[in-house]
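In the two complexes below, chain A is the common chain; its partner is chain B in one and chain C in the other.
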Partner chain A sequence: MQDNKTLESPPEIQFAGVSRWLKENLFSSLSSSILSLLSVAAVVSIFRAIIGFFISPEREWTAVTYNLQLYMVQAYPESDFIRVWITVGLLISLLGLSWGFNSLKEKVVIKEWCDGLLKGISSFLFIILIAPTNVDVEGTSVEVFKNNTRYICLAVGIGLIFAVYLLRKTSPKTEIIRDRISFLYLSLLVGSIWIIKVPTVTFTSSNERVDPDPFLPLANTTTIPWTIIFGCMIFAYLIGTFLKAKGKNSMSRLILSSWVLAPLVIVSWIYRKPDFGMSNILTLDIPIAVAFSVLGILAIRTLNKEKIVPYQRYITYGMLALTVVIFFLPVLRQLKILFFITWLLVSVAPTIANSKESAKNLSIVWSVTVFILILLMRGASSESLIVVPGSSIYGGFTLTWLIAFFGIAISFPFGVILALGRTSKLPVIRIMCTAVIELVRSVPFITWLFFGSVMLTLFLPKGVEFDEVLRAIVVTAIFSSAYLAENVRGGLQSISNGQFEAADAVGLSTLQRITLIIMPQALRAVIPPIVSQVISLFKDTSLVAIVGLFDLLYIGSKVIPNQSQGANFLGTIQENILFCAIFYWIFTYSFARRSMKIEKRLGLGER
Partner chain B sequence: MSIIKSVDVKKWYGDFQALKGISMDVAEGEVLVIAGPSGSGKSTFIRCINRLEQHQDGQIFVDGIELTNDLKNIEAIRSEVGMVFQSFNLFPHLTVLQNITLAPIWVRKKSKTEAEEKAMELLERVGIPEQAEKFPGQLSGGQQQRVAIARALAMEPKIMLFDEPTSALDPEMIKEVLDVMKELAKSGMTMIVVTHEMGFAKEVADRVMLFDDGQLVEENTPDEFFNNPKSDRTKLFLSQIL
Partner chain C sequence: MKFNKAFWRDVRFLKWAGQIAFLLFIFNLISNFVSQAIENLNATNLPFSWRFLGTTPGVLISEGFVTYPESGLQALQVGMSNMLRIAISGIFVATILGTVIGVARLSKNWVVQRSSTGLVETVRNIPLLVQIFFWQAVILSFPRPEEYDRGEMIFDISAKGIAFPWLDAQEASWLFGIWFILSFIAARRIFKWRVSVMESEGREAYPGIASILTFFVWNIGGWFGGYKAVGVIGFVASLLSDGFELLPRIGIQSLIIFIGFYYSYKYISKEIKRTRSAENRGILTDDDIFKIIMAALLVLILAIGLFLPFGITISDFLVGDEPFFKADWGIPQFLDGVQNRLNWELAGEPFTLSYPEIIQAGQSTFSRYSPDVGKVMSVGYFATWMGVIIYTSVFISEVVRSGIMAVAKGQSEAGLSLGLKRSTLLRLIVLPQALRIMLPPMGNQYLNLAKNTSLGIAVAFPEIVAVGQTIYNQEGQTVAVFLIWMAFYSTVSLVLSSIINYYNRKMKMVER
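So, the complex of A and B:
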């Protein structure tokens, strides 16, 4: 039918001019004109007040710039900062790798990009235009924003707008890869820390504060590490795209497991500087690891032999009994955990390793797991050589992301299991899961934190003690998993009965039905509530201050405003709280944006 | 040798009795069409055959195995019995190809390449090989139902159950699905089809049954069923739908 007709494209929307747009959108009637004028006036005055607040000479922003280090790592000793940088570099490189590997190479037309840029630049111009020249400081008006500066900024802004407009006119249809734009912005950001100067506190040789505060590059000690890390990230991104282009799809699993492992390695080895004895590793760890990997491989090989098959069940039960006995014996913690995962292996091996190839794969995975586990446990159970004043080497933003990351990572599987348990047909499991969810949900988070920090030790066997941070993580994870379970349950209920029937009809087992058919759909349906839960968990980490941990917000609200030695920042609470707010906002907002994209991508198969 | 045999099967939903004692058997390679007004228990009955519903009295034997609560038996029977639903019930998060290969890979433990080859063969057979990489939501109803048939066939079942396969389709698409089913019947598959498509029954069925009010009212060859029905209920039914 289309052959004898030329395909029609929709008419292009013409921009009818400023006056027409104003008339149609702002002044279409008398009442809307009044409303428009009022709201514009309100916006302008609110923004003027906010900007005035920010640039008023009363604000002591040096309290933030001088204390950035405190914000990030609290009291971590400067001599070991290389460990912090390795931590950050590792995570960001991993980010670059998975970005490159998963990149869709989405393209953006220059026209669209320029439209976005124009919006950004005009907002900047708007702020420059309305910024107040004078602000009141204790009754007297002080000039804070010179008109000359304003003119220069305006000129630069208009120049930029003109340049972007030209670009938009000359090649509107050219496409650029979106990732490149992101890299452009990032490199501008990294470049800016070399150039932009902010007021900082410095001291003379006789330990007196230099007055007035000199302007120095924002982070004079961090520019070089950041630049190197940025380079690493681009390199990792390129590796990622290269691997993708080579079609190494098995890499996706490797990247995922690196994301699970990296924080564990960081916490147990890099950040802590464990004081392990080499003799321990040689005489204990390596023999144990070898023994268990051999044991596991033997189990994988023998369990599916025809003679053994009838006894599989008894072997599993026997192993479970052994694990329970070992748990109560005074042996190394490593052994307890290894016995437990051996039991897991014995119970899943018959179903997973049913062919020669999969048995081989499982053997490799098993050996690697055992060695990594032993290594991590050695790192985690050794004393740390890093000593800081106070109880914990984790503080500031380090603590915030640690609790958030592990809280989310642990709560996810637990939440899913609780949700499945609550919808289970088996009454004992259902009642137990319901009880856990309702109990955890109905008591405030702060109460649970107190419970974790004060009362948990009373319930544990003697001699078992947890680090304060670990307790906070466990409590956060349990609390969050109860909420997550309810979200996931909502997703489970949205799956139509037909999906269950279809899965049954093709002969899938219950476990396969849940993991292959039901869960992927249920989780997809509840991405928005899960994301908002993750965001709220990230913010709720600030509550751990209540049990004596120094997180980002606590440092901003209590520690810095009480600093009186050296630089005097007494009472600088407004600046610090504002900084914390912006800091949290940057993370949560970029997370929300990211999840919107994931949602779009996953929505592909939906009707 | 009958491949499906039911003896006095009864089923209740609460107080309502949906099946009031159905006894019948199906021979290997036979195409059986079950007709009847809605609510007559015909869907319930074929759903009992692969135990999506449980009968409460009587016995059902499939391929010599009695259906009981034993999970092993149920899984074994389900992989021998393919089912096609009225509302397709494709898995929306998987592509067409993944929909078809899922069960052969996970239940039959086939290798991925082997399963995919077989799947492409089946898609060829139902006439939509070019749609393999699409998601079910991007297909028309008729295409979706044909994928559902291919998905059931991928398990290489001995018996195929069709639960009103064309009732949710536009008239234009009914034919493409029926054509696939006709071809399947000619290839010697044992089929039980619950349908209102009397044309299909006339053309392909070896036997036609009429269900009413949870009972088997009439069982006959298609010729006799349409031209010389035994019971008055069949006459009434035919006069209403033809």
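So, the complex of A and C:
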């Protein structure tokens, strides 16, 4: 793949005229011509019907626009919306930062860009052209799309085509950076929130709905936050490109760890609004954190002293035993987790911190980790000040994201462990792992969700209570890890025996062999199936609607079609289902397209 | 075993010790969970039991072979049959539809190719549940049956579902059904025979025409009384049933044990024989030892268990009076059923055609389709069925497309250069090779389809998950219902994947 680029690129296919193209692609034979005509007729009539459905006066699209807030965050109190915006802003700024940092500065020739634009504009023209003028409403035909509007749209479209064509003709070879085009589109999107006006449900002072609905900007409360967030994103992008230009490659690790950290911070501190109590932090958390970071630094220092080296193994075992003992003692949960990670530190420190400099680095990482961890735990274990009557504070699209993200993130390590277990040479472990994987895979996801919502508490001691959302996440993670394990196993099987033997010949331990030799190759080989697994998991999160969690689909299919207070949206199921479908589609489709591009860049699946 | 060092530092010892410790840990964990669950269940006054399978649940199941099931077991059976109805018909339709879309995506015709690509990209990026809700909304947007008079109808769509004519089973329908299945086998035999004639004698022997002719002659002959020949099966069943009653209970147990011993003996000897090859040099690996021990252990447990109360339960189960709940099945009951349904004294037309009708629903002003005549595809069935089919067929189309594209271009070029027609080329050269690549992923899609039918619960279609949920809401036996779900879906998956594996083995390339 790499070599091909230096070779001559294949000759460009010359466009040989419209009639030639038509003859080759539509009318190559009699049967093909008939097929073309029939399918054109079918496509046009289907599109006409769909457009007619969308613009028919029977459709109550205000049911969607009025409830956008409900769709996104469900009943999150409006007084705390700043927290939602901080969440969104944080994530989008991070996105901008890593985009800027990892950008390849790909360049597009104006000609290609214009070709794409022309395609887009002509499909817009096609839709305008075939849109029906009249639609049937209970037997009578109603004019919904005035011909004047159609002409104006057509004129604008043709004007645009002409402009793009001119651009293409005048400077066909000029190159522009692809990212700038994306920013152009994004700024158009943000601008459109300010400009585009839609019929909005409004109420008079006596709580009666104004009829007809006045035209107001779409979601007019969100315009300023979105604009600020867009600004933040551009700023972060610029910082990212600046860091890249400075050659600060160590930043990539920092960005990666902030991606890991950001969701945790959001979940424990930003979105929840914890009632933490400053005295708790000062008197309890900070001393514990200081003690553990000192302990860890001491451990790192001493473990590599020559006198201690022979006893390293026994120290690790002792620490493990201590961790297990602490786990069963009635102490603070923070301590249990801290002891566990101290054990991890003790077991990896001898290999990682073998020089002075790396010992120093590890000490810094350790102290920071301890502080962050303890603050996160403080946030997560405090009571939330946000009260949402009758349900969790997560709802709507936020819930969909939460389940998808944490389900996938948690399932990843478990999936890898299960896959390793299934390919292990030790029969007991292999059979156990195989049994778990097959058991989980044999039953549909929805039954696992029922398991989570009805049965999970049965298997736990009394008093241990799980949040409804947390149970859904746990079940999603279990389910996803079984499927992931099968994908990873495929990757493990694709690795030749020579790799294992080579690792053994070099004298690597089992752990080193897996982490340094086998896993990097195996995971690389199965990125495409893992990506499609992630996409299908994102789609599957909609199933939590069946067990009664307030996710996007539940709101669209059950809540809004039953709204009758304030505005009456009874029976607006079609509009809301279509909105959900489009919403999901935009996310999955763009994700799939993006990942396809990345796969192509990595040259996966082509070897 | 001879140890060179102290045994606790020997890797063989450590491996097994670690595994046994792990096993003990897992067993301990599971038993902790189980005892916790038992404790919690006892605290709620609903201890675990299977008794609900025998008692009348008192629930209404909106569709299926029984509306008011007599027992929990029957209710679950209705759910299972509903699920299988969608899964089996869905697999056939989705395969056909998927193949059409897949071929359309490879078409040279621009419009066809583009529109099918658009369809695929749209459907596969929308969650299935949204699609099922969508189809439900579509069917609910039709007018209700009482809104206007429809007169005599053959085919009708309303907010109550889709109604169409249907063949009603009569007395002899089972006889004819078996006869009909046999007709496929007969037609296939004739086809093979004609092909062999064609190949050996080098003359045209019309295999296609001959097999179609056989099929029609066989079935038309069957319709007018030929089906009575199937009665032989009923006769054999009656003989077997008499023989079974003579067999004492201990005989059944011994038979099971004998079969168990036989198979474990065969398995172990096969394993040992395998290690005696030149590659393995007669060395038993950890794995082999483990397998042999497990096989022996399992059959021993079976043998001991069969003479304990558990064993009596199994044999009771087989003769059809299981003590926990009164089962209406078992080997003698099954044989009786066969005997009654496949009796050659039954006569008359096996099926009659009936048309749908609209009747008043109870005392209300609403109307619905009559459940007795014609066939009604209910809203839930339609939504689930449509959703599952369209969704799966799009994925199947991708499988078909990649399968066809994976056949080397040289193959079709070679075929063309031999002078084959396009259709023959596709049938004889491309498709057989593509099928080989397509089968495993296709099987995965079938499994997904079977599991996805469980989403019917969202549109109130009473398949196994929905029925199970109704039952545990009534009886509180969540664990038992979950075990039944698991057993049912595992069985379906196993059956499906073994069918696929069978074809896969058959199609596999014979390596040189």
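Throughout what follows, the second predicted complex is superposed on the first by the 577 of 607 C-alpha atoms of A that agree within 3 Å, B and C clash if a C-alpha of one lies under 4 Å from a C-alpha of the other, contacts with A are read in each partner's own complex, and residues count from 1 in each chain.
What we mean here is this: contacts are C-beta pairs under 8 Å (C-beta built on N, C-alpha and C of every residue); 3 or more make two chains touch, one makes a residue touch a chain.
Here the structure is a predicted model, which means the values were calculated and not measured.
By the touch criterion defined above, A:E501 reaches chain B but does not reach chain C. Contacts of A:L458 after superposition: chain C is touched, whereas chain B is not reached. When both complexes are overlaid on chain A, the residue A:Q521 reaches chain B alone and has no touch with chain C. Comparing chain B with chain C, the partner in contact with more residues of chain A is C. Of the two partner chains placed around the shared chain by superposition, neither chain B nor chain C is touched by A:L254. In the superposition on chain A, A:V368 makes contact with neither chain B nor chain C.
When both complexes are overlaid on chain A, the residue A:S355 reaches chain B alone and has no touch with chain C.
Once chain A of one complex is fitted onto chain A of the other, the partner contacts of A:I573 are limited to chain C, with no touch recorded for chain B.
The touching residues of chain A, counted against chain B in their complex, run 354-355, 496, 498-499, 501-509, 512, 516-517, 520-521, 524, 604-607.
By the touch criterion stated above, chain C contacts chain A in their complex at residues 15, 18-20, 22-23, 26, 33, 36-37, 40-41, 43, 107-112, 115, 121-122, 125-131, 133-134, 137, 140-141, 286-287, 290-291, 451-452, 454-455, 457-458, 465, 469, 472, 478-479, 482, 485-486, 489-490, 493. By the touch criterion stated above, chain A contacts chain C in their complex at residues 25-26, 28, 32, 35-36, 39-40, 42-43, 425-429, 432, 439, 442-447, 450-451, 454-455, 457-462, 535, 539-540, 542-543, 545-546, 553, 557, 573-574, 577-578, 580-581, 584-585, 588-589, 592.
Of all the residues in chain B, the ones that touch chain A in their complex are 50, 52, 75, 78-79, 81-83, 85, 87, 89-95, 102-103, 106-107, 109, 135-137, 151-152, 155.
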